[in-house]
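As structure tokens, the structure follows; a few thoughts come after it.
Chain nomenclature is as follows: A, B and C, assigned in order of appearance, with residue numbering initiated at 1 for each chain independently.
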Amino acid sequence: MVKKIITNKLKHDEIIKAESKNLNFFYADGTQALNGVSLPVYENKITALIGPSGCGKSTFLRCFNRMHDLYPGNRYDGQIILQPDNTNILLTDVDPIEVRMRISMVFQKPNPFPKSIYENVAYGLRVRGESKKRTLDEKVEEALKGASLWNEVKDRLQDLAFNLSGGQQQRLCIARALATEPEIMLFDEPTSALDPIATMNIEELMSELKQKLSILIVTHNMQQAARISDYTAYMYLGKLIEFDATNKIFTNPSKKETEDYITGKFG
Amino acid sequence: MNPENDLIISQRLAKNFQRNFRERLIEFGLLCSGLIAIFITLAIVYVLVSEAIPFFQHVSIIDFLTDTVWTPNYSIKHYGILPLISGTLTTTGIALIVAVPLGTITAIYLSEFASHKVREIIKPILELLVGVPTVVFGYFALMLVTPMLQKIYPDLTTFNMLGPGIVMGIMIVPYIASVAEDSMRAVPMSMREGAYAMGATRFQTAIRVITPAAISGIVAAYILAISRAVGETMIVAIAAGQQPNFTFNPVESAATITSYIVSVALGDLEHGGIGYQSIFAAGLTLLIMTLLINILGHAVRKKYAERY
Amino acid sequence: MTIQNKPAANKNLDSIRKTIANHKRHDFIFASLGTLVIASLTITLLILFLDLVIDGYPRFNLDFFSNFPSRRAARAGILSAWIGSSLVLLVTFFVAVPLGITSGVYLEEYAKKNWFSDLIEINVSNLAGVPSIIYGLLALGLFVYSFGLGQSILTAGLTLALLMLPIVIVSTREAIRSIPVHIREAAYAVGATKWQVCRNHVIPYSYGGILTGVIIGMARAIGETAPVITIGALTFIAFLPPSPIGLEPPFINFDWLESGFTVLPIQMFNWISRPQLAFHVNAAATGAVIIMLTLLMNGFAIKLRYNIRKKIKW
């Protein structure tokens, strides 16, 4: 494992990009999946969410682009404030479509559309009404380069996306999310379906991406959180137990539960 | 960074409004076609009832249901639906006697005995059999099956209920086979493994374990078969004669509800006349019969619902 | 000790083996029975087809397709019938397919799961079970007399569209249901609206399944006889409807919609009903044409569905 220099103090020069404030979430059947979660997402940083299965970390992530709106009966309570315009994106009069245009998402399983590689990346732009061939070409190339996939696919952009390998498909999904120049990117266990080499590629990619945007990632893999993230939040039973700089969480957590989870005594 | 941010807020809201308005409009359009099924059902009930009401002002419902003579074209007119019902039930009965055993055997064989390869060949053939138009089956009944039956039983008239009944049965076999087979295939593999592990043979497993487990689907298949047979028109219209006859004897000729409607429609139909109204009364009877069969089927299926 | 026990064990084993052999015989008997039933069904289909072809063989020539029906069997043809069938199906297609697909999309993607969607659902499945002749009566009362469309191609096309609609709706829904949720979520996540998700993803990815349903529905519409007779289609038509495509602008006209017509199965039924044997030959030839069309279409649809099942791996 990579050894990191222990820095106990939290940097205070971070810019907050988004922040959840006292967020509760209820599924249609009435179960409460999130309980008063308050958590900042810093600009140009990677924030990792860890915790045992069913602790609500994916539920929390999916609040950020209002994915829960797709299924009737789900209910948010609380705020997620998006900066710089200081809007609560959970308000019903905020258009979820607009939220999703600003905050994009990469899923657990690579889920390319059964269309060509080019069309997959261009889709987000087309949805925004972009139809000029030249602009599309440029942005698709840029996004594929950004997802370090360009060299592998530049000669076969019209191939069906299903013909790519699992790791390539996931990078294609990242390119698809990247093409629309989002402000925040959400990753829901992006490497859980991939082999170690593909996982490494994606991790490197994320470290590059944070130069341009903010990242919130859910992961099952604690080493992954330790390797790539700047901040880590530990969640359990729908509650945020501890949030701190990654170094601190992994070396000197202030809560007993966090320590138990990290050291493998629990979870 | 994001182009959306560069837009002034009012512009952005206008864009959102435009988009949401279009979405609503599309949803409304889709809703309208989603409602088409309800419109059709209402229209069927409305048309049949509104045309049958004047008929029943003319003919009392008691006569309609108890008179055993149906002679709307004679000078002494009788409107008893019983002869048409007897024809319908007789042909349906013959069809079921043919189709139920054949269909069930086919289903069990395909689901439990046939290899994957055989199934891949046979299922499409059954589906093709479903697609054969009934008018062709009618030709088959009149020109092939009845002459064959006449060799065995020379007194058989050209128009009878036996021939079309048998052909109708053959027509229905694929329906029973495919629905029953689907429900047998849906029985979890663990139940088969349990039976085999105890030393049961294929046949024992199929009869003692799979068939009881899939009984609700098998019953559904029979119900579907009955409602097909009751509503079948062309085979009986071609090969059973179109003479209303209160009998359950399969070697006699008879008319069914459906073939009566066809025979009236083929003649000169006087709009609003009693003949015109009578086919709606007959149609209403048919619809109620199919409805009752379906309700019965629903009740039976509920009773035997899968419990695995 | 073991040696002493052996005969008894053997005897026991023998009886077990006997029982098993007995059971296996049941297996064998049933397997043979099943094979026999299936073989006879297949042969029936074959005989049916061959019988029509052999009986109708004398009429298989171009004249049969280019002649009007006639009082003389040998000179009678199916020109008006096949043109009538084509035009009726054209109407059916353009009514049933858009309505069926949009209805399926609404039910699957838009309708909230409540008593109302249950009601629609029950309606669709009931409609599929309503005898076809009832649709004929509906059309007779509604289209022919209430709407005053008369016994026209339009009426027949609409009637068959009603019959075909449940098939299209059901196949659309099944195709849509097989698209995994994560594909929809992927589209929503880049900011697509509901309709964009449907138009760009859900509907295009369901084309194969929908097409299968459309073909099966059309094949059924070709052979459907009873409802078309019920609306009062004429059985003897010795003229053609006005051509849908004209040589002068506006090139397309819709007069044919109001024209009288006959269709292939009615023509066949008419010839079967004649007492003269010579007409039965015509009926057989018409039947062969109909069955050829329906078998080809159904075969294509089955093949298509098979290919879709094999190809798609979400």
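Criterion: a residue touches a chain if its C-beta (ideal position, glycine included) is under 8 Å from a C-beta of that chain, and two chains touch if they have at least 3 such contacts.
Small disclaimer: the values here were computed from a predicted structure and weren't measured.
Inter-chain contacts peak for the pair B-C. Here C is the chain whose Cα centre lies closest to the centre of all protein Cα atoms. Put simply, the chain farthest from chain B by mean CA position is A.
Look at where the CA atoms of chain A average out and do the same for chain C: the two points lie 48 Å apart. Inter-chain centre distance (chain B to chain C, centres taken as mean C-alpha positions): 14 Å. Once the centre of each chain is set as its mean CA position, chain A and chain B turn out to be 53 Å apart. In chain B, 19 are the positions where the chain touches two or more neighbouring chains simultaneously. In chain A, the residues that reach two or more other chains under the touch definition are 97-98, 101, 128.
Counting partner chains per residue, chain C has residues 193 touching two or more of them. By the touch criterion stated above, chain B contacts chain C in their complex at residues 19, 22-23, 26-27, 29-31, 33-38, 40-41, 43-44, 47-48, 50-51, 102, 105-106, 108-110, 113-114, 122, 124-140, 142-144, 170, 173-174, 199, 201-204, 206, 224, 227, 230-234, 237-238, 258, 261-262, 265-266, 269, 271, 279-280, 283, 286-287, 290, 294. Contact residues of chain B toward chain A in the complex are 1-5, 12, 16, 19-20.
Across the complex, chain B is touched by residues 85, 95, 97-98, 101-102, 128, 181-183 of chain A. The touching residues of chain C, counted against chain B in their complex, run 20, 23-24, 26-27, 30-31, 33-35, 37-38, 41-42, 44-45, 47-48, 51-52, 55, 98-99, 102-103, 105-107, 110-111, 119-120, 123-124, 126-127, 129-138, 140-142, 145, 162, 165-166, 169, 193-195, 216, 219-220, 222-226, 229-232, 235, 265, 268-269, 272-273, 280, 283-284, 287, 290-291, 294-295, 297-299, 302, 306.
Taken together, the chain A residues at the contact with chain C in this complex read 65, 67, 70, 72, 97-98, 100-101, 104-105, 107, 109, 111-114, 123-124, 126-128, 162, 173, 176-177, 180.
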